[in-house]
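So that you can tell them apart, the chains are marked A, B, C, D and E in the order they are listed, and the count of residues begins at 1 in each.
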Amino acid sequence: RAQSAVKPRLTVISQWSAGSDGAAITALGKKFEEKGGTWQHSPVPGFTTEMMNKLRAQIIAGDPPACSQLKGPEIAAWSKIAPTINLDALVAAAGYEKVVAPDLARLHKPGGKWISLPLQIYSTNMLFLSKRAMDKAKADKIPVTWTDFNELAEKMKAGGVTYPIANGGTRPDDGQKFEASLAGISPAAYRAAIMNLDKKALEGPEIKAAFAQARKISDWMDPNVGAQPYATNLKRFIDGDMGMMIQGGWAQGVLRNAGFKFDDFTITPGPSDNSKPVFLLNADAFIFWQRKEPDLQAGQTLMAQLVMDPAIQTMYSQITGSIPVRTDVDLSGEGWSDGQRRTAAALKDAVANNQAVLSLAHNMAQENGLTAAMIDVITEYVKNKTIKPEEAVTRLAEAVEGAR
Amino acid sequence: MRDRTFAPSRMLIYLVVSLFAAAYLAPLAVVVLNSLRTNEEIAQASMIGWPKQLAWRNYAAAWSGFCVAETCAGIRPYMLNSVLVTIPATIFSTILGAIAGYAVSLWRFRGDNWIYGIVTLGLFLPQQMRLLPWTIVLRDIGLINTLTGLVLIHTIQGLSFTVLFCRNYYVAIPHELIRAARIDGAGFFRIFWRIILPLSAPILIVTVIWQFTHIWNEFLYGVTFTTGQQQPVTAALIALSAAIADIPQHGVQSAAVIIAALPTLLIYLLGGRYFVRGLTAGAVK
Amino acid sequence: MVRRLPEYLTIWLPLLVSAAHLVSFSLWTIWISFTPSTLVPVSGWVGLRNYTAVLASRNWQIAFDNLLLFGSAFVLLSLVTGLMLAILLDQRIRGENVLRTIFLYPLAVSFVVTGTVWSWLLNPGIGIQKLVHDLGWTSFRFDWLVDRDMAIWTIVIAAVWQSSGFAMALFLAGLRSVDADIIKAAQIDGAGPIRIYRRVILPTLWPITITVVVVQLQFAISAFDLVRALTNGGPGIATQLPALVVYDLMFQRGQLGRGAAAAVLMLLILLAVLLPYAAWRYVQRRRSNHA
Amino acid sequence: MAALSIRTLSKRYANLEVLKGIDLDIESGEFTVLVGPSGCGKSTLLNIVAGLDRPSEGTVEIGGRVVNDIPPKDRDIAMVFQSYALYPSMTVRQNITFGMECRHVPKAEQEKALTNVARLLQIEPLLDRKPSQLSGGQRQRVAMGRALVRDPLLFLFDEPLSNLDAKLRVEMRMEIKRLHQRIGATIVYVTHDQIEAMTMATRIAVMHRGVVQQFADPDTVYRYPANLFVARFMGSPPMNTMPARLEADASGLVAVIGAGRPDEVRLRLQGYDAAAPFVGREVVFGIRPECIAEGSRVFSGDAPIVVNAPVEMVEPTGAETIVLLRLGGESALARITPDIRPTPGTPAAFALDTRRICLFNPETERLIA
Amino acid sequence: MAALSIRTLSKRYANLEVLKGIDLDIESGEFTVLVGPSGCGKSTLLNIVAGLDRPSEGTVEIGGRVVNDIPPKDRDIAMVFQSYALYPSMTVRQNITFGMECRHVPKAEQEKALTNVARLLQIEPLLDRKPSQLSGGQRQRVAMGRALVRDPLLFLFDEPLSNLDAKLRVEMRMEIKRLHQRIGATIVYVTHDQIEAMTMATRIAVMHRGVVQQFADPDTVYRYPANLFVARFMGSPPMNTMPARLEADASGLVAVIGAGRPDEVRLRLQGYDAAAPFVGREVVFGIRPECIAEGSRVFSGDAPIVVNAPVEMVEPTGAETIVLLRLGGESALARITPDIRPTPGTPAAFALDTRRICLFNPETERLIA
């Protein structure tokens, strides 16, 4: 192959323009260039929608990027509208498939062929505990079940923590409150209802219980949060003015970037009523679009190799606070936090117990249309305390029906 | 009525007007103050507050410091992109709108009312709806991901406004002027250039102000139809504010907002007086 | 004819291109609204299914109700505010130029910035409420932004702030063009300032008022950036508006067909506003031709 | 040669017929005035002649050439508008030379023409001003200059004086007339002021409702108006018209106003033999106010006809006194010498000039004699 | 009792003195007309009287009461504007009753007043129309109605007819005059049309540059203009004025026009004894066009004064012929009978009415006799 003849070049579209995401992809780009490539990244600031608009425009224009950010079931959906490249050979060469959680692997090889590569993993239901709030509550036991969690929250409240929960109020955040509740109550029900859209499961008692738990969570929150992102609360969280946060691992990177110390908080898997960790999977991935240009093709190969490279995954996760996709990465070293180690351990456990499920709030469980319809119900429920859990159950089922 | 006699009532007028002015200025004041406070200070106090010490470095960071992905050049390069789109699009849409408005109002041709009606309806067509069709059009003419493409979009869409206002302005120009010029032997363009254009200052100021601010502030097309380093300043602003996963950088964000809004604010400051005047001539028909 | 070709081209081409893009884009959207398009446009025919789906969705229903409330409140308030400011500025007060600029400058600011800044101000945790609390009045509440019943009003506030200057400018121009003799006549007739405004001056502002109403309504119907930056439809989905729904369906949810259907519904709402206006203009013109 | 020939010209706007079959032939060097009330189609006709508007039917010939399909600039005409239509952004100089510039006349020639016209109109000191810096009369002169500089086959004037005040209008009227005599141009001049028409025209075309009512020299129009419309339109105050009975006795015709009333007025008519067929029938009797004067006025060598009539109102204008009186019960205006001021409510003696009366057919409203 | 007294009234705008010490006393029931060229301050004066503007100095008394500090509505006046200033959004009815409504007049009374005025002005069928649906003359009537319904001490009219066409203006002029005679109101009426002034006024105030040049009854103003400005302003065509030398011989004064020229004209003057001090000096000789007529005209019982003068231009207006001639080298206009049309360029005989000439001091421009 004339691979050495062309200088690898890669066009990338992502929404990672700022903060740790921006820093991480910038570092990836540096690596790409170190390997002799030309890195052409177009960040599309704003919401994911704008990124997808951009991607759609490029695809319609017949000029898709060599590689773009995309995740979850959208990979399958989008792969139908434009040709992607087959990465099977590269994946095989890297022996990657063995080290990727099977549920995750499935998402990235729709139709049985690898067309995209996951880059990093988050759990959307990690529980962040504020040291100072724990001190105020005079509690040292890490909550494991929802009952523990609820008791701790009450204790915190009694101990002078103004708002035991430090979550934000964005749509995905509201979604996380619900999905963490449901998955913690019953991973099986979650799988049936949310991932498989089983009608009976959707109307099952677990759903109602999950809504009830989500309501509790929101009741412990600052009513003034509104639609603010959780990041607004971080300072109060560290200060012990707020106590707990059900958040993705990314919050760790954010906390670090904001200059807070790891000693100030603890990260643990989210509550699970059967005491075994439940892992709500959220993975960022790159999809590779078919291009004719040899330099782009070379770039895609290089990129794929980089993304699968444990060193790169290590670097990336250490910047963003996620955990590597590869389960064979050793997290014991310097540069990894306890939280990340615990997350990785939780993933292992969860996979072993079949308690690793795909996140709804972060578009891993369903295509965007369905996800949005369900989140509509959830966020309205979280914000509108006059809606009864039973009612929410019905609405959720209706929304699923309507969006299909 | 419009006299200066009765003093107490005038005091009341001044009071009410001042209150309103304060309310209108408040958001600007908040942004200006925040642009001079550090992020920590804002996070600890509220969004509204007096700077403890002036954090001028917010401006430095906003202008040429903060990073959008791998580019850490602040909003400066994006300002330039916006200028490169806004100025030509403003000029083209204004000139073409003036010519078309002149043709529609003073030269009457078959079907002109229909064309004119449809074009002005464009004012009301939602932007979101046009996004995909534009994608297809830009693809077909090969202008996707170019500033030229954006200039084209803004020029064509801007015509709706410029034609409407120019036409309303020109219908008030006496037809006899055109007739005299035709008898003098002047053609379409000579009449426009020598007679109509010199009379158009008020309405051109209105359309220039309007077009400039609208194109400058546009976001959706800006991010969809440009790539990487070509993005307009609004994209950079969003990048700065939509870093959802981060501690908000309100200070730098405010400074960036101020810098990015300076051109439009200036244009209103300088042209506001003519804006009202031209609007009268152009809109009240 | 050939000799005049360049001039025909210059007159017609921009107009034709502009008109053609509007017509074809609208037709295209209408067509898409009948197809099963999802991520990208595809052909096919699903009849009215997209329409029924949109009309049945809670999002659209809330958006439509909100539009009625937001549209009327916003138009009314910006009209009243604009008119009041215009009347105040019409009193030959000192510093009129400065004041006029103050009331106009929000027009120069992008909707995104307006939305963001007002979201700061109105957010009870960091904005006005917090300021007042910090000043010591801790029972003060101004939390509309997070109150799903009141949140729509925060959009009204921001929108009025942004666009009442436009109404003010038009009204001021209208007030200034009232024949001075009419005011003198009313003074001699013994009318006081208030009566002169109410009975003599304001009625002459009808045409301007209609213009302002149409422009503002158009703004209300297509309001998008502002809402997105201020509430993004929240809390929950309490401040959904049709433009948001269209965008959401088309681009976020990957349901182009439904999005197009929502867009067509929006166009119909627009027509419902514009047609009476056009009819009014027509009658007006007929009448003035006959006078 | 006819400088301008208009043949069966019609113009319709939508369903409104503005001009109805106009036929006019205007000789070279003539000063033709189109008069008529507002909206009768004068401007429309002029615009069609200028090529600014297209006729619905009929042809326009200028200098023997059919110009229907020729654009205005090639018709060799010049036009002066009511509003002057000076280009506001140009100086007087540019206003005047603009046409030549369009026709690519060499600079030197432009300069020469400009100098000539400016001298002729005495606007040399104004050449570098903008129209907004000129008074009404000066603007009018500049508009004339713009037309004159062209030296066309035909001048068209559309109410060029109606925006001037009365005093200036009289002055400009004389000036235009003098100009016409000097350069001998062919002029079509629109006005609705009949004094202007009478004093300037070599021929007057009186228009009404899109039809030319009469096209003749001013004296004929004034003295023998073709119909009642023309009679009432020309002259200020207008001709007094009233029903009368035509009788005949041994010595000739007699018009009886207010026949049968105690105050009936019988007027012997001489030289109206054309009216003989109407003897015994009603006619419309027309007499101009200046033909009714104070009783002592001598109109002609003949024995004056003096009647006694009650005076209703007296309006002294300084130069004369206008009296509203009753002739056989019908109102009539008289113009008498300013020295005399009859008392309203009392009768006074009035001399009538019966040589210049008009008789109209009451049905067709056309002139009988 | 003086209905309106104006004392040493001045008005300055910035550094422009618009009115300079105006003194006027107007009796109750008088019809006073303010005339003067555009910009002379007529509207300003009226506005000050109405209270719409404040004087810089001086006082205004209405009905014996100083009103300087009284707002317009309490001055008991009514005003009609040039633009009519009808409230465009109200019907005719509302336009007329609006003032009463402001003054809280009971509904029934309003209705009565409205009916009266509407009948008087014959606008009953128009009561429910909007001003935009009225013709010019109808609007004018409504504006009058709005003033009449008030029954004030003083009516102020600011050029109420200048927006009407000539024909309508003449009619409305008569109507207003009749109205004045009927209701006997005190009226101050502004116009710049001197025919209106002459025919309507009981007294005329001629204004120029913010100063009242003459305040007298129309005949006096016409016959004995206080100065050259008034002489030239009143009358159309205006008075002919030309330099002349005053000489005296045995039988009295002689005015010599073009003295020393071969065609000098010597006119014997009778009854101008006041001019005696000017004998041997230059004066300005003024003679109105109607005092120069065709040679056969008999102006009075005396032997007519007939001169031969070259004719320059002839303007037949139908009712008369206006002739531009040269008297001793000076241009003069004559108004002669329409029957006669002298040929331009040849001399003709003209009769002069020397009983009505004016002589002015060339330095002060004031009337000598």
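One rule holds for everything that comes next: contacts are C-beta pairs under 8 Å (C-beta built on N, C-alpha and C of every residue); 3 or more make two chains touch, one makes a residue touch a chain.
Remember, it's a predicted structure, so these values are computed and weren't measured experimentally.
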item	value
Required minimum of steps from chain B to chain E, each step between chains that touch	2
Chain pair with the higher count of C-beta pairs in contact (A-B, B-C)	B-C
Angle of rotation relating chain D to chain E [CA atoms, steps of 5 degrees]	180
Euclidean distance of C-alpha centroids - chain A vs chain B, Å	39
Separation of chain C from chain E, taking each centre as the mean of its C-alpha atoms, in whole Å	57
Between chain E and chain A, distance of the C-alpha-averaged centres to the nearest whole Å	94
Contacts with 2+ other chains: residues of chain C	123, 126, 187, 247, 251
Per-residue overlap in chain A, given as positions that touch at least 2 other chains	47, 53, 56, 60, 170, 232
Chains grouped in pairs wherever the two touch, ordered by label	A-B, A-C, B-C, B-D, C-E, D-E
Footprint of chain C on chain A - complex, ascending	47-49, 52-53, 56, 59-60, 74, 77-78, 80-81, 169-171, 174, 222-228, 232, 367-369, 372-373, 376, 379-384, 395, 399, 402-403
Contact footprint of chain E on chain C as seen in their complex	179, 181-182, 184-192, 195, 199-200, 203-204, 206, 287-288, 291
Residues of chain B that touch chain C when the two form their complex	1-2, 4, 10, 13-14, 16-17, 20-21, 23-28, 30-31, 34, 42, 45-49, 96-97, 99-100, 103-104, 107, 109, 115-116, 118-119, 121-134, 137, 156-157, 159-160, 163, 187-189, 213, 216-220, 234, 237-238, 241, 250, 253, 257, 260-261, 264-265, 267-269, 272-273, 275-277, 279-280, 283-285
Contacting residues of chain E [partner chain C, same complex]	47, 50-52, 71-74, 77-79, 81-90, 98-99, 102-103, 132-133, 146
Touching residues on chain B, where the partner in the complex is chain A	43-44, 66-70, 131-132, 135-136, 138-139, 144-145, 219-220, 223-225, 227-228, 231, 235-236, 238-240, 242-248
